[in-house]
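The structure appears right after this line, and notes come after that.
Chain nomenclature is as follows: A, B, C and D, assigned in order of appearance, with residue numbering initiated at 1 for each chain independently.
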Amino acid sequence: MTKDYRVLIDCRDEKGLVYKISKAFYDFGLNVEKNREFVDAQNGKFFMRSEVSGKFDAAALESELRSVLPEGAHIRLVEPRPKRIVLMATKESHCLGDILIRHEAGELEAEIVGVVSNYDTLRSLVERFEIPYVCVSHEGLQRAEHEERVLEALSRFGSIDYIVLAKYMRILTPEFVEKFEERIINIHHSFLPAFIGANPYKQAYDRGVKIIGATAHFVNNNLDEGPIIAQDVIPVTHAMDWRQMRNAGRDVEKVVLAKALKLALEDKIFVYANKTVIFD
Amino acid sequence: MTKDYRVLIDCRDEKGLVYKISKAFYDFGLNVEKNREFVDAQNGKFFMRSEVSGKFDAAALESELRSVLPEGAHIRLVEPRPKRIVLMATKESHCLGDILIRHEAGELEAEIVGVVSNYDTLRSLVERFEIPYVCVSHEGLQRAEHEERVLEALSRFGSIDYIVLAKYMRILTPEFVEKFEERIINIHHSFLPAFIGANPYKQAYDRGVKIIGATAHFVNNNLDEGPIIAQDVIPVTHAMDWRQMRNAGRDVEKVVLAKALKLALEDKIFVYANKTVIFD
Amino acid sequence: MTKDYRVLIDCRDEKGLVYKISKAFYDFGLNVEKNREFVDAQNGKFFMRSEVSGKFDAAALESELRSVLPEGAHIRLVEPRPKRIVLMATKESHCLGDILIRHEAGELEAEIVGVVSNYDTLRSLVERFEIPYVCVSHEGLQRAEHEERVLEALSRFGSIDYIVLAKYMRILTPEFVEKFEERIINIHHSFLPAFIGANPYKQAYDRGVKIIGATAHFVNNNLDEGPIIAQDVIPVTHAMDWRQMRNAGRDVEKVVLAKALKLALEDKIFVYANKTVIFD
Amino acid sequence: MTKDYRVLIDCRDEKGLVYKISKAFYDFGLNVEKNREFVDAQNGKFFMRSEVSGKFDAAALESELRSVLPEGAHIRLVEPRPKRIVLMATKESHCLGDILIRHEAGELEAEIVGVVSNYDTLRSLVERFEIPYVCVSHEGLQRAEHEERVLEALSRFGSIDYIVLAKYMRILTPEFVEKFEERIINIHHSFLPAFIGANPYKQAYDRGVKIIGATAHFVNNNLDEGPIIAQDVIPVTHAMDWRQMRNAGRDVEKVVLAKALKLALEDKIFVYANKTVIFD
């Protein structure tokens, strides 16, 4: 049976890598639909993503690739299938709602297995789409205790490929983050690294900027400092107060978050040195 | 004789200001070509810029306006004429050259009275356009001493409306800046407030951003923290090293600087609370 | 009781209009929150939109304004309230869903009184939001007959301020359009006037453009030629086939349609000479 | 001696092309700095651009590549060197001046061997840069006769890689164009295919668009219908008349033309089916 695969390779750079990889594909009789490569000359790193199809034994191909690639190469053979994702949100609906609508329209290569929020505000919206909604209130709880309950809620959803923080307004602890390394995508409502931290629209207003933006990034242990996946901006003027900036910014936030999510779902992102290589 | 004037007013906000101002214009028999107003409700401030024409006594109009406006109102009646500007640069030519070409094409409401640089690199470019070029080397000089010589060079150009830092890569002292308050325009090669300070393209590359930008601002005493006039951005990718980002950024820098300069030359900027009100 | 009003005036231009209008506001003791004016010098037309508040008799203000303005002036005093809108769609959900989500989030100054479609495809999406959905199939019907049934469906919704064609893929007859003059907003999936007519993404792909766009406009009797309200674009590359362009274009379509709709709901649009004056 | 080469290949698509090409590179001991590939699945066409370096015999490599590629493959081995370009202009200086400044700054991989204009207006600007300027007036001449004189002027510049129409406002005949197939780059002052023909800014103003643009394209026999290389846009408003749109558009024109020119100079463009494949 013919199968489609995404082959993602990153390794130390050396001469002949494309030759060796494409030879393996050729020897296995594969059709190569698409290749993207990148060499980070400064760090001597090689990245390649291919879309291949054919009748073949994936384990054998991986083994063949490993035998010709430098030691320590990362090789991923991914069969396209809907990824299992959980959305986390607080009270704002624009990002969450946008993902629900895209999901409903079949735009996303994903199954939304559930939504977790620290408020009950968005329940009716989510349940309209017949998606499980779990409210884990943080009130009266220590951070660690709250996260434990969130983890417990997540565990009931089964396996999770990505957690999408669709305006989840609480900071996650390193302990939480390391459980989902490079699998938590956050939308930050500023053009990072400008305006890290709380209320970036207020900060942007106070500074008098003429453009505001949004940044989707993987979450790591340092607040707002994870690898950036996607960014976009819109112009603003002196005539907008910070609430108007926030409202205008919502359109950018939701588009940027959806863009980053799609890149992740389609296995188009490599993370390296706290940065991303994107083969879009 | 019919004259064109730009009337710029900012004052404490109160009821009826537009009425009172437009009544004065009407009573003086003026044609009002254009009005722009803005009320900063939070701070109770009113801003208005009008383009008027007619046969009238400017001093009498100003006096009439003053009599109907709140105490402490700033009133400027500006007759459009080419502003006298000095360009300051170091070694890079893209911003400087762009302004020279725009000037040559008659795009700018300005006369370039001279160029000052701390290197001799750009002399032949500038002198091609028959514009005086003064090299004031900083080598072997203390900052204060160097600035003294720059001031001396500037003084020989006669009156100066604006100084344009077209990639002048030295920091100006508070003493220098206060001599030209709200009259020095700088182009910073990042999307401020991201990447303040040295080599912002290297900083942007290291952070792995997906968009870079440029910011034109008035210079005040705090490095890169003056009131922002204009900003713009372009997308970048992982495939660009910081030199490629810098090269790509040049197109944004020159367009943003030219935009800010035009706004200043056409008296379209109010500065207030370290921010700008722009009536473009 | 203090009331907020939007005052929209357009008339023949003459000297002193701002003075006369602001005098009327002043005499009525109104607070003027915001003014925007535009003079089309070429056609001698004046446009002004003000946001005022105070305790006053709207009819008396209108009468006062009429007495000082040139003959034939259009004067609208609009009290902000949710406008009653109907959405029309066919099979695609991205624009419709986006409006439903924005409505749910309270982003729109509108009440969605119903959705009309020529297919049943989107019923479950719409009914999730407890909004009436009427399917008026066009199959087997002549255009006139189908429109009659649509009109009949619309009539059951009561009064309608705006009809939003959220990817309604049928052409409306002049008879239909004139019943809702300047009240039907359409999203066209190209950067008009490029690619008028069917499948603009296919046309864009065939032409090899590097940017695609979307256009929101009022519908008039000539297909895709009504007054443009808002436009935006995104870059595309040779690597995208027309289906990928269409998918990428959806994000622009929905943002542009929402932007145009908000402008209409907030009474920020004047239509004149098949163009729009937008006070955003 | 180590040499750098750009290898550009386009041919009928078939299985194993990347393998065969990268094998040839490997067998010749080349370093591959960069690869970009594209398969037009619909038309069964394969495109690849590589940057390679090493000590090798270019003719032998080309021969090896030819032996493994499908019949009819186009293979270009290009050694990077400044291309010889001629600029053609009429009266407007913004695009011409921008290229002169970029050239002066070393931004372009090009030598400007001369400028040809049908007016003398721009002579002093060009001669400031010590570049030959030839005025070939069209007055009193038939189109064919004028072009003959232009061709004669061009012939005196020696070999020419590209002709850049930097706002050259005359239409070229098919006879002229076919002498420089895919080697004439034009900047059209609209977002093609919108507003083909004369005064696109006037057309844009009359249509009431909210965005204007510019298009750089190769010239073919049909006016404004050649393969598009680069496009960009800027927002406009109702408050701009067509002259203001034209002025604003100049910044886009010059940036887009420079972008297209750089792509050509760096051998990053394939032309196919009246479209371009761009490996930027």
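Throughout what follows, a residue touches a chain if its C-beta (ideal position, glycine included) is under 8 Å from a C-beta of that chain, and two chains touch if they have at least 3 such contacts.
Since the model is a prediction, treat every value here as computed from it, not as a measurement.
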### Summary
For chain B and chain D, the touch-path distance in steps comes out at 1
#### Entry: Rotation in the CA alignment of chain C with chain D, degrees, nearest 5
180
### Message
Centroid of chain A to centroid of chain B, CA atoms only: how many Å?
### Response
41
### Task
List the centre-to-centre spacing of chain B and chain C in whole Å, with centres computed as mean CA coordinates.
38
### Task
Specify, in ascending order, the residues of chain B that touch 2 or more different other chains.
41
### Task
Report the topology of the inter-chain touch graph, choosing from line, ring, star, complete and other.
complete
### Query
Okay, in this complex, where on chain D does chain A touch?
15-16, 18-19, 22-23, 25-26, 31-35, 37, 39, 41
### Task
Under the touch definition given earlier, write down the residues of chain D that touch chain C in their complex.
38, 41-42, 191-195, 207-211, 213, 227-233, 237-239, 241, 273-278
## Note on the structure
Counting only contacts in the complex, chain A reaches chain C at residues 92-94, 97-98, 100-102, 104-105, 107, 125, 128-129, 247, 250-251, 255, 258
